[in-house]
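So the structure is just underneath, and the comments pick up after that.
For clarity, chains are labelled A, B, C, D, E and F in written order, and residue numbers in each chain start from 1.
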Amino acid sequence: MDPASAMQGLPQDQQAQLMQAIEQMQVRDSLRMYNSLVERCFRDCVESFRRKDLDSTEEKCVQSCCTKFMKHSARVGIRFGELSSEAETQMQQVMAAQGGGK
Amino acid sequence: MDPASAMQGLPQDQQAQLMQAIEQMQVRDSLRMYNSLVERCFRDCVESFRRKDLDSTEEKCVQSCCTKFMKHSARVGIRFGELSSEAETQMQQVMAAQGGGK
Amino acid sequence: MDPASAMQGLPQDQQAQLMQAIEQMQVRDSLRMYNSLVERCFRDCVESFRRKDLDSTEEKCVQSCCTKFMKHSARVGIRFGELSSEAETQMQQVMAAQGGGK
Amino acid sequence: MSQQGGQDPAVAIDMAKQEMEYRVALFNAMVTSCYEKCIDKRYKDGELSVGENSCIDRCSSKYWQVTGIVGQMLGAQGGMQ
Amino acid sequence: MSQQGGQDPAVAIDMAKQEMEYRVALFNAMVTSCYEKCIDKRYKDGELSVGENSCIDRCSSKYWQVTGIVGQMLGAQGGMQ
Amino acid sequence: MSQQGGQDPAVAIDMAKQEMEYRVALFNAMVTSCYEKCIDKRYKDGELSVGENSCIDRCSSKYWQVTGIVGQMLGAQGGMQ
């Protein structure tokens, strides 16, 4: 069941409740991803602790790491969408072939 | 405090509330475990990306990994149950020796 | 926005609601941290499984690991507080310079 | 409330939430796993190479297939309950 | 509501939930940690060897003991608050 | 309810909760990351050496700076939505 199709047929107040849940989940996931990205780029780019400030090499590395991760994440997102759609289509074909459930 | 004994003495409506919380937690944990198992078996079994489809060796490896993890998890579950019971028994003995709290 | 300043201006019942949320979060984080510490010290201190009981070397290692982690965590906490305060002060200076938002 | 279609709306909302949480967790796990398998961590720049791009595409596809196999294995064992 | 037994039922439910969450997290951590310590990852088949089985049993026992030691250490330090 | 100050109290509570969750997650990540970078794991005793203490201080400072850079990068890309 897809959230968009779950929305259909719901009363107005419960559509609002689901939208709020979606929004909260997106905010939570953004914060999780932000923290995860900080952890990753810190781990990959910062090795020395003779100073308390990042040097320009470390700073540039963090920026590249961040940009690269976002590009990676976007490309996985495209593939994920394709794979999900394929799976959805196959699922519907199977259900149609079986006469479908209520 | 054990969930089963926490149930005793609760009004009917709150027993239902606790049962629903238990059920939600079990579903959440199943999904977490499923994702965790996928991550693990993918990490251990898939090393090459010259193709976009799993070959038969990778597929068999994932199946074995999955089976092995479930057997491992079941055995840890048995030990966990024993250890929990032992701890519960010891706890009760200590409380009895101390005259027990209300 | 800081939780303490978020409290100000809230009605009494919602202050209570926020306090309860803070308390639940602290309990959850304590349990998470406890489990995380057990995992870490077990991983770093226990290597052999010829016996089912910890030997005295392993036991002492776990105790040292635990103490050391708590000292580390406390020192990071001090630094974190300093860094947060600095950031807060800078934020307020920027907002003052811009005439502040409602 | 009336239960048309044989499904309580509150249950439908819970199921939709859990489906979303699962999809988000699956996506995040795919991102992380394929990052480990495909990405060069020297970060000379923020660009993905041709090789990294190809790897990401194939990794995503294989990761998706692993979810299917694991799902079947768990289903065959009577689920996780 | 009346509070027989000196404990608010709503608080009892919250505590029961947290106890369950803790037990689930402890079990999952034990599963993961002992998998890392005990399991051969070549996966020739899905069977656990005699050695793996023994290791799992002893690992679970030792892991449980570590939770006790850490609990005592944290308690002696005045808890985590 | 009346909305003085232009902000719904329920929204204020949600935002305060999320701010707290973020701060706790950031602190925990800093603790973990700096533990990996700075701490000697032989655990001869439970004391932190002079070198470990210095490293912790500098690591915390650098980690904080990385959060700022990543935040700017994400902001420049139009956020995560």
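Note that in this section a contact is a pair of C-beta atoms (placed from the backbone, for glycine too) under 8 Å apart; a residue touches a chain by one contact, two chains touch by 3 or more.
All figures in this text were calculated on a predicted structure; none of them were measured in a lab.
For A-D, the equivalent interface among the listed pairs C-E, A-F or B-E is B-E, as over half of the contact pairs agree by residue number.
Inter-chain centre distance (subunit A to subunit C, centres taken as mean C-alpha positions): 26 Å.
We define each chain's centre as the mean of its Cα atoms; on that basis subunit B and subunit D are separated by 21 Å.
Computed from the mean C-alpha positions, the centre of subunit C lies at a distance of 10 Å from the centre of subunit F. For subunit E, residues touching at least two other chains, in rising order: 21, 32, 38, 57, 61.
Contact of a single residue of subunit B with at least two other chains is seen at positions 32-33, 45, 63, 66-67. Around the ring, the chains sit in the order C, E, B, D, A, F, counting from subunit C and moving first to subunit E. Residues 4-6, 9-10, 12-13, 15-17, 19-21, 23-24, 27-28, 30-32, 34-35, 38-39, 41, 43-48, 52-53, 56-57, 60-61, 64 of subunit E are the ones that touch subunit B when the two sit in their complex. Of all residues in subunit C, only 24, 26-28, 30-35, 37-39, 41-43, 45-47, 49-54, 58-59, 62-63, 66-67, 70 touch subunit E in the complex they form. Only residues 1-3, 6-7, 9-11, 14, 17-18, 21-22, 25, 29, 32-33, 36, 40, 44-45, 61, 63-69, 71-73, 75-77, 79-80, 83-84, 87, 102 of subunit B touch subunit E when the two sit together in their complex. Taken in their complex, subunit D has these residues touching subunit B: 14, 18, 21-22, 25-26, 29, 32-33, 36-38, 54-55, 57-59, 61-63, 65-67, 69-71, 73-74, 77, 79-81.
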